[in-house]
Amino acid sequence: MAVFSGYYKPLSNKAKRILGIVIQVRNVIEIRFHGMGGQGAVMGALILAEAAFSEGKFAQKIPVYGGMRRGGDVTVFLRLDDKPIRRTSGIYEPDALVVLDPALVGNPAVKKGLKEGGIAVLNEERAPSDVDFGVVLGKTATVAATGVSAQLFGVRAIPITNTTMLGAIAKVTDWIELGSLFEPIRHAFPGRIGELNVEACKKGYEIVKES
Amino acid sequence: MAVFSGYYKPLSNKAKRILGIVIQVRNVIEIRFHGMGGQGAVMGALILAEAAFSEGKFAQKIPVYGGMRRGGDVTVFLRLDDKPIRRTSGIYEPDALVVLDPALVGNPAVKKGLKEGGIAVLNEERAPSDVDFGVVLGKTATVAATGVSAQLFGVRAIPITNTTMLGAIAKVTDWIELGSLFEPIRHAFPGRIGELNVEACKKGYEIVKES
Amino acid sequence: MSQIVRSFRPVVDMEKCNKCTLCQIYCPEGTVMVVNKEKVVFDYRFCKGCGVCATECPTGAIGMEREA
Amino acid sequence: MSQIVRSFRPVVDMEKCNKCTLCQIYCPEGTVMVVNKEKVVFDYRFCKGCGVCATECPTGAIGMEREA
Amino acid sequence: MDGNEAAAWGAKLSRAEVIPAYPITPQTELISQIAALISEGIMDAEYIKVEGEHTAMAAAIGASVAGARVFTASASQGIAFMEEALWMPPGRRLPIVMCMVNRAMAPIGGLRPDHNDALMQRDTGWIQLYCENSQEVIDTVIQSFKIGEDKRVCLPVAPCYDGYFVSATATPTTIPDQSEVDDFLPPYVHEMYNIMPGEHKPTGGSSDIAKARYEVEKAHERARGIIEEVDKEFGKRFGRCYDGLIEEYNCDGAEAVLVTMGSMTGTARDVIDEMRGKGKSIGLVKLKGFRPFPTEEFRKLGKKYNAIAVVDRNNSYGSAGGGIVSMEVARALYALDDRPLLVNFQVGLGGSDVTMRQIEYMAEETLEAVETGKVKSVVDWVELHDLGEVM
Amino acid sequence: MDGNEAAAWGAKLSRAEVIPAYPITPQTELISQIAALISEGIMDAEYIKVEGEHTAMAAAIGASVAGARVFTASASQGIAFMEEALWMPPGRRLPIVMCMVNRAMAPIGGLRPDHNDALMQRDTGWIQLYCENSQEVIDTVIQSFKIGEDKRVCLPVAPCYDGYFVSATATPTTIPDQSEVDDFLPPYVHEMYNIMPGEHKPTGGSSDIAKARYEVEKAHERARGIIEEVDKEFGKRFGRCYDGLIEEYNCDGAEAVLVTMGSMTGTARDVIDEMRGKGKSIGLVKLKGFRPFPTEEFRKLGKKYNAIAVVDRNNSYGSAGGGIVSMEVARALYALDDRPLLVNFQVGLGGSDVTMRQIEYMAEETLEAVETGKVKSVVDWVELHDLGEVM
Amino acid sequence: MELNKLFDEYYEKSYIQGGTTCCPGCGGPLFWRLALEVLGANTILYGDGPCAYCAIRNIKLPTFGIHFSFAADGATGIAAALRVKGRKDITLVSSAGDGATGDISFGKVSAAAERNENMIQICVDNEAYMNTGVQKSGLTPFGAWTTTTPLGKEAPKKEIPMILAQHKIPYVATASVAYPKDFQKKIIKAKGIEGFKYFHSVIPCPTGWRFDPAKSIEVIRLGVQTWAWPLYEIEGGILKLTMKPKRRPIEDYLKAQNRFRHLTDDQVKHIQAMTDQKRERLLQQDGKRIIF
Amino acid sequence: MELNKLFDEYYEKSYIQGGTTCCPGCGGPLFWRLALEVLGANTILYGDGPCAYCAIRNIKLPTFGIHFSFAADGATGIAAALRVKGRKDITLVSSAGDGATGDISFGKVSAAAERNENMIQICVDNEAYMNTGVQKSGLTPFGAWTTTTPLGKEAPKKEIPMILAQHKIPYVATASVAYPKDFQKKIIKAKGIEGFKYFHSVIPCPTGWRFDPAKSIEVIRLGVQTWAWPLYEIEGGILKLTMKPKRRPIEDYLKAQNRFRHLTDDQVKHIQAMTDQKRERLLQQDGKRIIF
């Protein structure tokens, strides 16, 4: 039984999929998630990884934080590939960025190393054309995920933006199909809150703007 | 300031003699002390070492016991030489034995390794000729040290035999002069008890029997 | 790269304020002050938007506003 | 090469003994016994000659004798 | 599944009975996972929430002596805190399994891995097996019980894996079937000792001290073969194995090899593949078993390659030269007639990341040494060079 | 005066100000002696009767950071118990002096010495100097403060000496004059850090982790020279010195050398003298400084002799071959073009005595290796042979 | 900017910089502000940097720590050095979280108490190992959820203040950041006493206790009002309650925190009974010598 | 010989062989004989071999120890294994000297108490580190000479039974080998209670306390009679004195031991005052709940 699962989600919902090895030329996509506080970025990356795995891809997720204390900024490295991923070093020159909090968009540390021609998916109210990363990107996408959180989950100290971002990703990249995300989201959030997150995901798919 | 002193005796009485180095052919005498309980054997060896040092000899004393708990048998290695002693290993084939407790005289472990032609100085009421070590010795000496202890120090659970033994040694060996022992004894036991021990020492010198 | 990120920021309605200084006393970060017993000010450089000041204010003078 | 060495050994005077068993109870090494409420015996293989039995005996029935 | 989750599942599948443990980053999620597995009824074990690591190991020893299969885990300061206790299981011949989730030692180190925390225990008599990823962790935990409990071994085993880069890195992982594991690993019977009243056999070994130490040494010698044996059996049954103590990767016809341990091996695989693609004559040796050290295997490598470049993710201040692994390798190869160049790098110290660029650099330097026949410096502190990386 | 008394006097003459310590055989008499010296008014220091060794080292660190000169001592289990703390002084650059009174580690070891207890700490960054007798202990304690507090070093120093064979062995010993020591060793000033309110300078070093480690490594490198320098100065002033990190004894024209550490060196001197008297071509090298390791010195030895026989009073289970010192020596000599034979013995393990007969045996074996050009076994466990001794 | 300068001065005066790395609503920085204000400039702080000390980088007085598992011990060395140097003017404070104080380092705290070291030993109690992500400590209260007690903690909270009182130290105090005046009075008192003083304060931890950060003070105020967290001091062995609120159901306190969400009614009743028993004993012994 | 057989049977029955390596007059072997007689065959003993356990090689029941610095901890593992194996029939005893119990391992004993491990934790108290040659422990009484307190110990004896009572464990008892019946009753009671039981007994140490071995029992009997060593138990938090001798001057006890020889009159008075205070408190709280 091959599974892709973290301890972040209830064990009873563990995915049970068979590992199918497909040897191909290395075609890895290296993505960096940036979030604030809590488990948002980690869960977002995990869901994306699970979804990719369910589509037959290989995935690897490395969270990077200090102590285990909650709060503060969180970085997660995510790799997607057609064959098993072996390298374990951090991602310093990502092919793509996912930024879950608008406050981080302007932070120079966030965009550090982003490759020219890469992709940026941002939680932003502004249009993509209004965001200047100082890097020539292949694609910039913005989605007002904090707004979606307020709509769906009410006003919260730490808004829930990751699932909306994932929907946006499904739309603007070829990493994942929208439909593949729902099952992992439901695994991660059982019950009603899962359905709300699926909705957020769909919403992200709908409202994302890309340039 | 070169001193030969152990922590076993009060610091304020520390001997203060200058180290004079005399290089000669190695002429080491290796002596093994056996005692029961307490510090008797250790103190005896120490006093002998101090006395030899005061005569210009070099000495080395290695006590061997288990934990620091009192009680049980105690072995002490003592080396005397004309030049500095460097070897630190135990003495397994002694040139001489000093046995402080009659109960140990019959113990096979005590006489183990004793050299033929060696010396044995024993706390024993019997005459030297009545003691058979199963080794041809150069000299056997016996002294009723427990009796002397009872006489001088009264009846005690652990009798004081070491100083009497030292007196006997001064008589039957060329390791030390009787007079050289008094000062170290007084260092070790300040006050009246020191004088009694000097007396015990003299008594040993007097009553020792040798073959 | 740690930085303060707030979803909400405290704002005061001086009409309602009675200068009791409870907000100042209880603010975990020390980022609210009652200046000269007349004005309540916030240090938005460091305020974490936790809302403690708003909860503790006995007159409801402090409200929490969504950050842009 | 540990062995028991005693300077003194306990001996009992059964005339004085009242069979109270206090010697047996308090002997640290368990080397004295009151047998069948009639005889006090010592295990000289292991007795350490500490003298506790003699001290604790209420009738002074136990004395300590010099070992050979 | 990440490395910590894999280790927890490894313990569960091995039917560990007693688990005394104390939380420390980056091992914490392992024990939280075990607590969760137990509370959900998936795992049946006594998890003892001790108050510190010295006690964790002591309780492990107590449980093991009383005949229970014992699992625990620690890292860094926690391992150091229990050092006094660590000497006991090898001497008492107790097959405890403890994951060492590598993390650099304070005060010059963060929460990320280097190998000093585990390596400093290299004299104690624990078997140490370094794992590359989650899959290897789960498999190695299961193997470890089998190895340690083998009558010919009777030693504690530490599956070691890097914090974060293995512990928190999720990759697809195959969970073996419980019934298969049960077949592979029979219930634990404490063959040598018994503490139960009535059946009491004292723990032992030779009463001659030097001989008793030699017995442990012999057990290590035997363990070399048994680790391979167990791995092969595992491979037959589960379809995956790890070549025992060392693995040669993409080495055919190479002139030189890099020797790596732990998670950087995965990164090195990518780099070496790429370099070989470009025609560079360098291969990779993954050192999985540090204790017992694969001495014979290294002698074979020494005869095959012109240079052996040891990548030490550790350092020993004031040593005779270079990192800890390099000293072992030097000792192993010393008597070889035609010994290879010994190149040595220290990298990833105090928990810094080991990057692809750094590995490439080390490979290039090694090839240069082969070419010139000279080793530039006894040891190269890779992190002191600016390799032009964005980090 | 025995080794423990000598160490206590060394601390007293060095005017150690704070002494947190916990008793353990065979170190106990050292601290009892210090308690006595203080109570008699001979010594002026704060002796803290802590409740365990972890606390002893922590208190030492606290006192050192607060600007006091600190002395302490431990052994065996006690050293292991404080291991977590031992990493701190090197990283924080605190020149604490701690005597390690060597005693074998439990459970396979008694109360007598082998060197595993100190050697297991060889990665932590402590300087380790092994002493042969009381005289060397008292002198080395004094030198240690001077070495450790040198601005170019700023590292903790451990004078190590064997339990019993040094600690309890009384030999004539010269006690240096207080005023001379005062001249030699100026009052301690904490140059790098300050914890006093108002004058506060945080403890530090590079904030880049790898660089900070490299700084400590550099300090060890510099210490090699400074240890020699201090020893020479000591020699000039007091008329005794110890040739720095290693001493060659009766080596002129020898083909091979034995390398010894600690008290067995004294025994070996007698044996070697005797053998040379009989025309045997073997000398003696006393290894005093294990950290920093005298790498260059060993390279010189390697060029001079045909065989270097390392006598390890320690073992590392499952190692690449032989004892700990042998691995360091192999690393040091590895790159030599014409390297000598490396012969290796393990002896005195778990605290057994190292006898003259054993040393003779090792010398003979070494000479045989020179003759045949072959080393019989990677390592020879000397205690497994019956050498016909009465013990 | 004028305002920034004003705040910078305020931080300087209170010896702690705003903007710590603690979670929003964390009681830690508040704890330190209250303590440092009355400790003053002539203070050395010993302790390490888990949550309990999360504000460490923001403290403007000399701080020194070794590591999590080193409580009270390094301060023992500092105290000795201060004696050697004759610095009687300096207040030495040694601080640790509940995990260090009550578990891994309790032997050390206890031994420093036995030696009567001259320092204020502080326990900053957030009732679990927070820095490592919410594991049970000995001071986690009965029934509370943590990641290692997914079904609630089995044993009652370890009563460190009462335990240390039996060490015959000169001063023990409990405090809560919800009652700043009481808190600061006790710190001032401790500062004036020679020997080993123990000061134990709760801090609210919204992250680990699982409640809305805005409720931080409210929650721990409930702790005092329900007698979950009685405020008292023990000076020279004499107990004195410094607050005697009238009885209020413990449920009010438990309900405010999700870490107690899973409790059954019976468990709540049990907690109420334990709390009542303690309250009675405290009231009854108020003003009495409670050490032996 | 008939007599030898008689004794061998007696040793078998009392689970301890005569002829230990302890000093003559040592209370250690007596301690174990008293304890083992009532513990019975179904017992596992955990503990290490300093003086406190000097009779270890002579004990005829399964014993296991790790090392001096490991108190209560290994037993925690054994207890877990016994649970796993469903062995409710076995009594688990964990023992340590005063040095291990009160100093180096006190954190461990305290933590096992907090976890309420199912074992009898025993402290064999000879009031110093005897195995290493008489150094001060936290349980050395005020004023006593040891090699590390050449002028007498400065701090009072650490009151471990009272400290552990505040851990809310089900049973605490003090005992003395001078009162065998009281001693054995308490062991029997402890055996019947589930959870963590603490049993603390003094043993006389003629070597370390410096008195004539023959006086061993006499000396510690004086300890009880002068209230230097009160006998009590604390069950479910309720204190009960099991012996209430009438007041007798502490001097009688101090004079009997050379470790107190150097005490000044003032010091003796101080000790008397402390003892009186304790006696009064004990009498006054007798029968009352003393935990919070």
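Lettered A, B, C, D, E, F, G and H in written order, each chain numbered from 1.
In this section, contacts are C-beta pairs under 8 Å (C-beta built on N, C-alpha and C of every residue); 3 or more make two chains touch, one makes a residue touch a chain.
Computed from a predicted model, the values in this text were never measured in an experiment.
K.L.:
Which chain's mean C-alpha position is the greatest distance from chain E's?
P.N.:
Here the answer is chain D, farthest from chain E.
K.L.:
For chain G, which other chain has the most distant CA centre?
P.N.:
Relative to chain G, the chain whose C-alpha centre sits farthest away is B.
K.L.:
Chain A to chain G: how many Å between their CA centres?
P.N.:
39
K.L.:
Round to the nearest whole Å and give the separation of the Cα centres of chain C and chain G.
P.N.:
25
K.L.:
Per the centroid of Cα atoms for each chain, what is the distance between chain F and chain G, given in Å?
P.N.:
44
K.L.:
Find the geometric centre of each of chain A and chain F from their Cα atoms only, then give the gap between the two centres in Å, rounded to an integer.
P.N.:
Result: the chain centres lie 55 Å from each other.
K.L.:
By the touch rule stated above, which residues of chain F touch at least two different other chains?
P.N.:
If we look for residues of chain F contacting two or more partner chains, we find 25, 28-29, 32, 36, 49, 51-52, 54, 77, 81, 84, 88, 106-107.
K.L.:
Scan chain H for residues touching two or more other chains and write them down.
P.N.:
If we look for residues of chain H contacting two or more partner chains, we find 21-22, 24, 26, 67, 69, 103-104, 106-108, 111, 114-115, 132-133, 138, 212-214.
K.L.:
Provide the list of chain C residues touching at least two other chains, using ranges where the numbers run on.
P.N.:
2, 6, 49-51
K.L.:
Within the complex, which stretch of chain F touches chain E?
P.N.:
54, 77, 80-81, 83-84, 86-88, 90-92, 104-110, 116, 119-125, 127, 205, 208-214, 216-217, 220-221, 223, 291-293, 295, 298, 314-322, 324, 326-335, 339, 342, 349-352, 375, 378, 381, 383-384
K.L.:
Could you list, by residue number, the parts of chain H that touch chain G in their complex?
P.N.:
Residues in contact with chain G: 102-108, 110-111, 114-116, 138, 155-156, 158-159, 162-163, 165-168, 278, 281-282, 289, 291-292.
K.L.:
Which of the residues in chain E end up touching chain H in this complex?
P.N.:
Residues 17-18, 20, 45-46, 48-52, 54-55, 58-68, 70, 84-85, 88, 195-198, 200, 203.
K.L.:
Within their complex, state which residues of chain E touch chain G.
P.N.:
It is residues 22-25, 28-29, 31-32, 35-36, 39, 47, 49, 51-52, 77, 81, 106-107 of chain E that touch chain G.
K.L.:
Which residues of chain E touch chain A in the complex?
P.N.:
1-2, 4-5, 8, 25, 28-29, 32-33, 36-37, 40, 42, 111, 132-133, 162, 164-166, 168-175, 177, 263-264, 266-267, 269-270, 273, 353-356, 389-391
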